[in-house]
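Each chain carries a letter (A, B, C and D) given by its place in the written order, and its residues are counted from 1.
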């Protein structure tokens, strides 16, 4: 490829059909309030970790639902589980459980257990 | 797919195309890379259809590539185009036939600008007069040369020697049509069939017996994108778009791509080579690449002209698989010979041959 | 009391206005261009937010206009309206020539013609349907793709012909969001195996119980919401519909294949209303709906004394609002008749 | 040689259980950590031994704690345990005195009447027989209660009773059969030989009038032996294992062994010591406010014993600690639950070998790099040097009234302080701990520790009991950690701030992590008493309720949390106080969302009562207790 001096990029488009949505399904099943998120961003605004980084539970929420799991896997590590997000959520989403379940789901999917 | 729905849309977007007496303006890319196309257009119009097409030797580039690369300011390009109109006026023509989609887009854009901002028109008249002493009129009819072929597609069909049928299977050929973005996306009313479901090429394919392939990325840009290609650092972006488009059409196994835009023909043709070199991917059936033809070339094949006279050999992706399907006989020995039978150097790395 | 009032349009607003005028002892002529009264509600199956049967509403309205003071002219449209000395002269296509003391215009709305949004391929791609088509499917109880298969993934495109400069409609049709949510729920009830996606620009859940319905659709019916306007629709090799949209909340373009796409057609000023505006000199706004004399306390009043508006000929409204607006128009008519000593 | 084949089942059972218990204790002892082994050895030969014996008598036999909480339930447990103990004790003595020789095999005491049918006719023998009958009657009365409890739990004053698995049911049936079959066996024998006292004699004589007593007796002796044998053999795999295990527990506890944060002998002994009495179920707010009746500690213990997947149970808990307080056996229920949370879903690692008679220890989940949290992004800043650090805590940032009040009070005190997380801080780490992620929590703890250490402060004041608990327990800091209620109390005592008396009725809600969790009960109430009229509620101190908003629970939906909160508020505000005071931002926020009654943190009340004075910096020589702290 070097001889051209440029490469073909993968593209940013989310390919919903072929993305892996098992992580989302796992969370939907165990924590139905995951569905209730309306992406208001209250959680991300109050987030202790979000103070320091681009960590956003809102974004994680949507990326999991779209099956864009790779970024989520990294982001999740930043959560401190402090629970402020749960308190501010206008829709009663059990946000902390979503983080815990997502981590668990990643573990399970790595073990091909989902 | 519901053809009735399409007809409904097409009927909303029928443009008026002049019948005769065209002032022909050439395309920079086409006359350099696919000279056979423009040559055949003139041949077809003058000799087969018996129309009057005039070329003025004083005609220049429209400077569109410079304009879209932020080099040529709009006042300049307006003046350049005004000069073309002046040449047309001087030659006594009122109908302009434009070979290039970039130019066509600019002509329509500028005419529309003048309509909404008459002071710009006045300024342009002034600039042109000051610079060249010429005066111009707004053309009565603006047509892209694909519009004109579209208009005469049924006449061509009547004279057809090769219909777009796969002679091996008896099925109609599966043809992807790709319309240059600047043809109708800016001004849907200026294109035959509008912007979403343009009819200009699909009309030809249907009239000549082929089947149009509608694939998800049909509306996607060919990847040229002017400065995306012209700046080397951006070329990855350009080729990525082409890759995306071809990946999307690949499952449909198209026999060829038909385009009406010089840039599209060039990039859909040459990027296939690049992608194949980079990643080893080809997009046609059985590991072949997909020939990309201009409408003149296709019209020529339909009318039974020698593919080498039409200039098919000057594409990166060679058309032999297509010619076989069409049952067109050709002699490989003649492929790279000059008009007087001298052997030219044979290009390396051609694909599909 | 022998006062004649003509009501133009026999939909929800016209029927309500006619019924209430008749109760107030006016002699009412109700003109409807279709062969049957009832308007758009007749084509709907269930209504938001409580999903009552639309037949209930139609029955209420039909009972209301079944009064001796009401003359119902079906299959009739107005050809001309002229006013002279407090009297309105109206001619119809059927040759009626009528005089009246006041006119109520209740010409309602037309659904946006979805084929105008060419990029969505309505009428071109099989299985791209409108909300009205879907309602018809609900009425028939048979929800299928054109080839008879059961759709697995169904999308809803909000704001088709609303909030769209390209469609020429800058306004919000207000009801499509909640209708989409209602229909999404109904699809999930009809086809529990299906997955439903709503593509929206904003969820406008302003009415009573709308937000609750929205929440229910997420919680109980697992309807997925993707914020982004669908840009184009194409066909995959399997004849699936490839939808391109930006998931604006993920900040990334997204494509997905659907089996069926429902276009939430917006509301436009009715063709009939436009004709009347043209022939009568009634003012229309930039949104092409009839312009009311005052946005706050004169929404039934027109620029011609004695002509009043009822319902969606002035702006998109739901049924509740339409009925209230029609009732309010009756008050305006009665006031006018009294003040003008007719 | 006195022998009959029917004693074989009993003998098998008895020797099995003896050998089992010895083997098990050896395993348990072997698995103890070194310090715990030493502790136990010291305890066994020290004063703890006496304490343990006393406790065994008071708790395992008399069931004093259950009696105190619930008389009828206590009586039931006491009659069965203490009664049986007496029966064995006096039976052995009886066999020893009246038997053919001394030091008999156990079966001879148990089946004394069978082998000595003629016994009990003389005066002393009859009197002794009367005593034995009395004990039997005592047991039978308890058994009757137990049977009734099983079918109608309210009879013993319980709202809920535990659900049983099959082996439990068989063991229960055999247990139930033991004493009635002894009664009938003894009665028939007595009837046949004309012996027996008021119970067996009377019943035997009456039965003999219409039944062939001599022939009827033998099958019942078989039944008696069989039920005993069955019960003993099933004992290790049923909840009745608590009978022998509790003795170990008492010894270990009195020797100073604690649960710790890993599964081990002590947590296992505790798990087996649970008798499923169900007191924790009645104490649990999830039960009485939310109707969730399958996650309480008794079920957790049972699930651990049965090697079930405990994840859902372990996480569905407010960790309020109410059950810890009420457990009659004194099991450290919350620490055991925490161990389960740390273990994650490690159920695969618990192998159920030998069909439940022995189980390997639960192992903690291996760390997984893929999802391991990473807080490298935290940037350490240089905190200014200061005496006092005020750490508001994450939750306090959502209740700005509390932090503003604290700032007002701190300013008024004139002390040199640094509001270290004024612009958002780093979580204290306890929420991570509560979800079993100790290692991640440690990262945050280290981060915060470094910040605190760098500031050179001698005192750390926090507004959040969650932070307070973790600062106290899991931070290794050389600073005095104070909850703001304690700090305000000190300021008042030292005269650093002056307060008005507000003429308001205040009820205090003790937050779980501050009260039960950290043992801070007095200072908050003393501060309130200083500021306003403190009213009592029915839920004071150890008995206080949880607000329902607990971070410890991962499973509850917000609507259930609200239900719990509403019940708690209603219970606390029966007397219509002006203010429901609390000392936790989370309690405040949770309560506020369900009630119109004013909910205020003590800091807010204090700030309102504060008498403003000109800002002036005291020199440190003015300080008494705060100064003392600096010298620690």
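Going forward, a residue touches a chain if its C-beta (ideal position, glycine included) is under 8 Å from a C-beta of that chain, and two chains touch if they have at least 3 such contacts.
None of these values were measured; they are calculated from a predicted model.
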- Query: What chains touch chain A and also chain C?
  - Reply: B
- Message: By Cα centroids, which chain is closest to the centre of the whole protein?
- Response: A
- Which chain is most remote from chain A in terms of Cα centres? B
- Averaged over CA atoms, how far is the centre of chain A from the centre of chain B? Could you give it in whole Å? 46
- Can you check how far apart chain C and chain D are, centre to centre, with Cα atoms defining each centre and the answer in Å? 64
- Query: Using CA atom averages as chain centres, what separation in Å is found between chain B and chain C?
  - Reply: 45
- Item | Separation of mean Cα positions, chain D and chain B [Å, integer] | 83
- Task: Hunt down the residues of chain A that sit against at least two other chains at once, touch-wise.
- Result: 33
- Note on the structure: Check: chain C positions touching at least 2 other chains come out as 255
- Note on the structure: Multi-partner residues in chain D (2 or more other chains touched) are none
- Message: Please list each pair of chains that are touching.
- Response: A-B, A-C, A-D, B-C
- Sites on chain D touched by chain A in the complex: 315, 344-345, 368, 370-375, 377-379, 394-395, 397-398, 424-427, 429, 431-432, 434-435, 437, 440, 444, 549, 551, 554-559, 586, 589
- chain B contact footprint on chain A (complex, rising order): 1, 3-9, 11
- Message: Under the stated contact criterion, what part of chain C meets chain B in this complex?
- Response: 115, 118-119, 121-126, 232, 234-237, 239, 242, 255
- Query: Which residues of chain A touch chain C in their complex?
  - Reply: 12-17, 28, 32-33, 35-36, 38-39, 58-59, 62-63, 65-66, 68, 91
- Interface residues, chain A side, partner chain D - complex: 33, 46, 48-49, 51-53, 73, 76-84, 87-89, 92, 94, 96-97, 100, 103-104, 106-107, 110
